[in-house]
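Right, I'll just put the structure down here and ask away after.
To keep things simple, chains are lettered A, B and C as they appear, and every chain counts its residues starting from 1.
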Amino acid sequence: MENEVAELAGTALFTVNNVWMMLATALVFIMHLGFASLEAGLTQSKNTVNILFKNSIIPGIGLITYALVGFNLMYPGGEGGGFFGFAGFFISTDAAGLTSAYSEGYTYWTDFLFQGMFAATAATIVSGAVAERIKLSSFLVFSTIFVGIAYPITGMWKWGGGFLDALGFYDFAGSTLVHSVGGWGALTGVIFLGPRLGKYVGSKIHPIPGHSMPLAAIGVFLLWLGWFGFNGGSVLSADPGLVSLVLVTTSLAASTGAVGAMLASWGYTKKPDLSMVLNGILAGLVGITAGADVMSPLDAMVIGLISGVIVVFAVIFFDKIKIDDPVGALSVHLVCGIFGTLAVGIWGDLAGLDQLWNQFIGVASVGAFTLIFTGVLWGILKATMGLRVSSEEETDGLDLGEHGMEAYPDFEKNS
Amino acid sequence: MENEVAELAGTALFTVNNVWMMLATALVFIMHLGFASLEAGLTQSKNTVNILFKNSIIPGIGLITYALVGFNLMYPGGEGGGFFGFAGFFISTDAAGLTSAYSEGYTYWTDFLFQGMFAATAATIVSGAVAERIKLSSFLVFSTIFVGIAYPITGMWKWGGGFLDALGFYDFAGSTLVHSVGGWGALTGVIFLGPRLGKYVGSKIHPIPGHSMPLAAIGVFLLWLGWFGFNGGSVLSADPGLVSLVLVTTSLAASTGAVGAMLASWGYTKKPDLSMVLNGILAGLVGITAGADVMSPLDAMVIGLISGVIVVFAVIFFDKIKIDDPVGALSVHLVCGIFGTLAVGIWGDLAGLDQLWNQFIGVASVGAFTLIFTGVLWGILKATMGLRVSSEEETDGLDLGEHGMEAYPDFEKNS
Amino acid sequence: MENEVAELAGTALFTVNNVWMMLATALVFIMHLGFASLEAGLTQSKNTVNILFKNSIIPGIGLITYALVGFNLMYPGGEGGGFFGFAGFFISTDAAGLTSAYSEGYTYWTDFLFQGMFAATAATIVSGAVAERIKLSSFLVFSTIFVGIAYPITGMWKWGGGFLDALGFYDFAGSTLVHSVGGWGALTGVIFLGPRLGKYVGSKIHPIPGHSMPLAAIGVFLLWLGWFGFNGGSVLSADPGLVSLVLVTTSLAASTGAVGAMLASWGYTKKPDLSMVLNGILAGLVGITAGADVMSPLDAMVIGLISGVIVVFAVIFFDKIKIDDPVGALSVHLVCGIFGTLAVGIWGDLAGLDQLWNQFIGVASVGAFTLIFTGVLWGILKATMGLRVSSEEETDGLDLGEHGMEAYPDFEKNS
């Protein structure tokens, strides 16, 4: 009888852990709608169908490729400490994965789905930066390879027990492994593509405003919501103290991120800029992601605030050097991803010079790999399929050119 | 002491099961926003208020009628094996419903609310197909009777322990009992109503594009999210292995549904069609619903892929035979609902000719009942209240005619 | 061994309670997007950026001030029964808060975040009523002080164990403490601000229609969803019987609220009014909030129905007395908040004349304090910073005036 009771209690705990992880998965899933809304809102209405198309197909392509190769590249098992491993094609259907023998925190299926939803976000980050001029077919090929191969390889270096994990690099939920990876892929993409027509003329910068601020705001709120799962699920169990701390640090960083960006934009441009506040929320979220479980609430507020200020000046900086990123993805995901990763060496439980060095190594090695991998990939795509739509199509909009349909056929447009 | 510990452990397990089921209920609830957004997005802006009105009142009407009669028609208790039963008016307030004595997986209240949210989705499916020309009052009467009486009767045949359950018919989460039921009600409605003015002129088909692709995309993402609860909650407990498998099969079918529809539309029309990809996601979800717990991930991917291809050609087919369904509800819910139900006999743990036959019996009997019931109901409504708004009102839009207001008064419209 | 098993079972129960409370927190968070969408949808497109800005920064400001002072004003600890207490600046980082020693239902962090998300909703309620003419800077100062000081003081009176709690006043989830508090702050704000230009000319009322009904509907659905957490989380544990009853009463009240508002508007104005149905849903939700755990489903349906009727006539009444509330926040949150609070004395487990008197005392004392506090605060702000934008800016829209950007730059507007 006693053993039965112990088993019952163990089942209850395993079940609640798994419930939390499944819900975290659902929350990460809804980030894809967040990215779709944000990206559509911050770009022109003539490219909206194209953006929604990319973002609607990415979760599907991401999950399929992750099932096929990604998951087994990222978690190859074995000794650990390495640079590369592969556990074979397709996810397993071994029944042992359904019990706490697999993990105290979740089943094999939950594990796969949670990680797969994560993986697909990396491609979505790229999508925003290359928007309004990239060929759909080339982007789809890039995304498939990026999610299926590049992301899992560097992911393995830390989360799959690879060399960065052995080194002591820390990245709780992916400031580096997800956000900066997406950011580096976006950076190489933007460089290969070049800016949108008319954005930089001589030394002048012509802002191209997004077509729907409500869509952008919906996107950011959904992303904040999704981060409850992104960071909260990265505890990998429902541990009450740890998960609830993570939700507090995450939300406080988002809060000060918003305030930091408001103050920076209000001070610098004299107008409180909504798109900056929205990106400030995201900046705070990305900034806290690497250390959400090792920061105090006050640390989190400091990191969020700095991230919110950084993002404003990063957006201005990228425009100055004519790196055209329609949605600010580089400023949010790459710059604040790097800052958040380094922050683990500066604030919180792990702070210290050694840790800061390890964080730097992680940032640099993941960055170098992703830069080279995606640079080569974009280069091959450019040489073969071509990366950019024709200037005529760009002017008319990708919705008509790529899809033959309009996002808002009922409404008159300003010309 | 030992008994107390056992009770504590039992309470913990019951509590987590019930938490999962409550959250599944919340997720099914948000499907109503998904349907509202999708339907509004895929139709014209002059009918948007009308569509939002219908979809805002349906969950309310659905829950009220389900509380009054539906729940007790669907779960009449008693011996089982029958065609009809009724446990009396209004939900019970018996205290026993609050403990695991009622069910290991949820309380009586959770049961009612989860099932009630399900019920209301059937009416919402109809709403999309009859959009842009149906009289509001007639639709509301139809919905009330459909959710309160027709849906629970066929639902009882399987889920309430009726004759289809005794027969061995399998429908995990309602490819037939929810989706095809909604689809049959939609089919009879469309036939009684006829096509929208100007849709079919002679042998020509004039596409009437939806007015907001972002709304449509928001709708589909919310529906996918909701399906985590729709299918995941249909396990009727938080069983870690089973629920997480269901989430994986559900998401993989949605993924391949999207890809299947993309390839089919790209291949057939030479343009990657966003609305087809969106419907492909839904097609995969509907297709996997009957067997989400008895399929392997690979089975799910195959079923989703086929569903995604089917939906493209079904949309084209219905247009060819002049069945005017503005949002593709018949193709998604009826056609893929039938396919998904039969798929249980073809793939997965239950596959076999006997099962396939049982699946066919279920599809046919539920279809026959719903066709006749809704046919008679639409016929009576047509003869008494009238089904269709005047052609003048249809041309001007139902928003002005039925509601005296506009959805977007600030913006210029194309005329 | 036995003790270990008991501990394991206890951990499981604590963990599931905390999971529920964290998810309730996430659901309350998403209410902020609900409010943002609703408010933006029901106002003019020239003020959309301004509204989104306010609603995007409020959760951040709310959480920061709540961490700094609000939480410790609302839950000062100590003997109880009082009018005011303060446990010092900033939230604690005492490790005891992470175990069930703090509470059986949640950790200290979950407690803070859940309560903080609640607090911020009060400011959001004000935002809607003062929309389209308030200065951004003044509103931000008001919100900060309102969430940080006014809301927690009256909140303490009941939930922090203050004098209203000692008296026997009952307010389960805040019909008074949240909704009417927001409503009183909105009322004084509207009085100090005056109506929008052109709304009341002589004895004529000129309706100013909202610019996007889809946004409004998205807002209301998200608010209903959020109420699963707002009311469901107010049980302060995952208690299966209690939480599931609360979800049922909450959803049934929303349902009858919708129907009540539909019937009232259809009967009175001869047209079924979408914005009334949307506000009817909210009215039912606000109405049930004070007694969601002490009502039977039938009681809930009655309370919701009455709330839905009330809201229609309250909207008409406020317009008649030239109180200009663009989104109906006073009718929903103040009027139905008061009605719902009194309803606890009329229906359900606590009904009785004594209770009704206690409810009245609660409504009156919280109302008096909030009226005076916010009246003085608005008065000071008016005298110092000014409350209202210039009439030129109001005519051109606050988006250009306050933010220098437009919400929908691509689209032609009706002028």
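Just so it is clear, a contact is a pair of C-beta atoms (placed from the backbone, for glycine too) under 8 Å apart; a residue touches a chain by one contact, two chains touch by 3 or more.
Fair warning: this is a prediction, and the values are worked out from it, not measured in the lab.
Enquirer: Rounded to the nearest 5 degrees, what is the angle of the rotation relating the C-alpha atoms of subunit B to those of subunit C?
Expert: Best-fit rotation on C-alpha atoms: 120 degrees.
Enquirer: Would the interface of subunit A with subunit C count as same or different, where same needs over half of all numbers used to appear in both copies?
Expert: Different, since most residue numbers here occur in only one copy.
Enquirer: Using mean CA coordinates as chain centres, what's the subunit A-subunit C distance in Å?
Expert: Centre separation, subunit A to subunit C: 32 Å.
Enquirer: Two-or-more-chain contact residues of subunit B, please, as numbers and ranges.
Expert: Those would be 2, 5, 8-9, 12-13, 16, 19, 23, 212, 218, 408, 411-412.
Enquirer: Given the complex with subunit C, which residues does subunit A contribute to the contact?
Expert: 2, 5-6, 8-10, 12-13, 16-17, 19-20, 23, 27, 44-46, 209-214, 217-218, 220-222, 224-225, 228, 232, 238-241, 243-245, 247-248, 251-252, 254-259, 262, 269, 271-275, 277-278, 281, 296-298, 301, 408, 411-414
Enquirer: Taking the complex as given, what residues does subunit A use to touch subunit B?
Expert: Within the complex, subunit A touches subunit B at residues 1-2, 4-5, 8-9, 11-16, 18-19, 22-23, 25-26, 29-30, 32-33, 36-37, 40, 48-49, 52-53, 55-57, 59-64, 67, 90-91, 93, 98-99, 106-110, 112-113, 116, 136, 212, 215, 218, 402-412.
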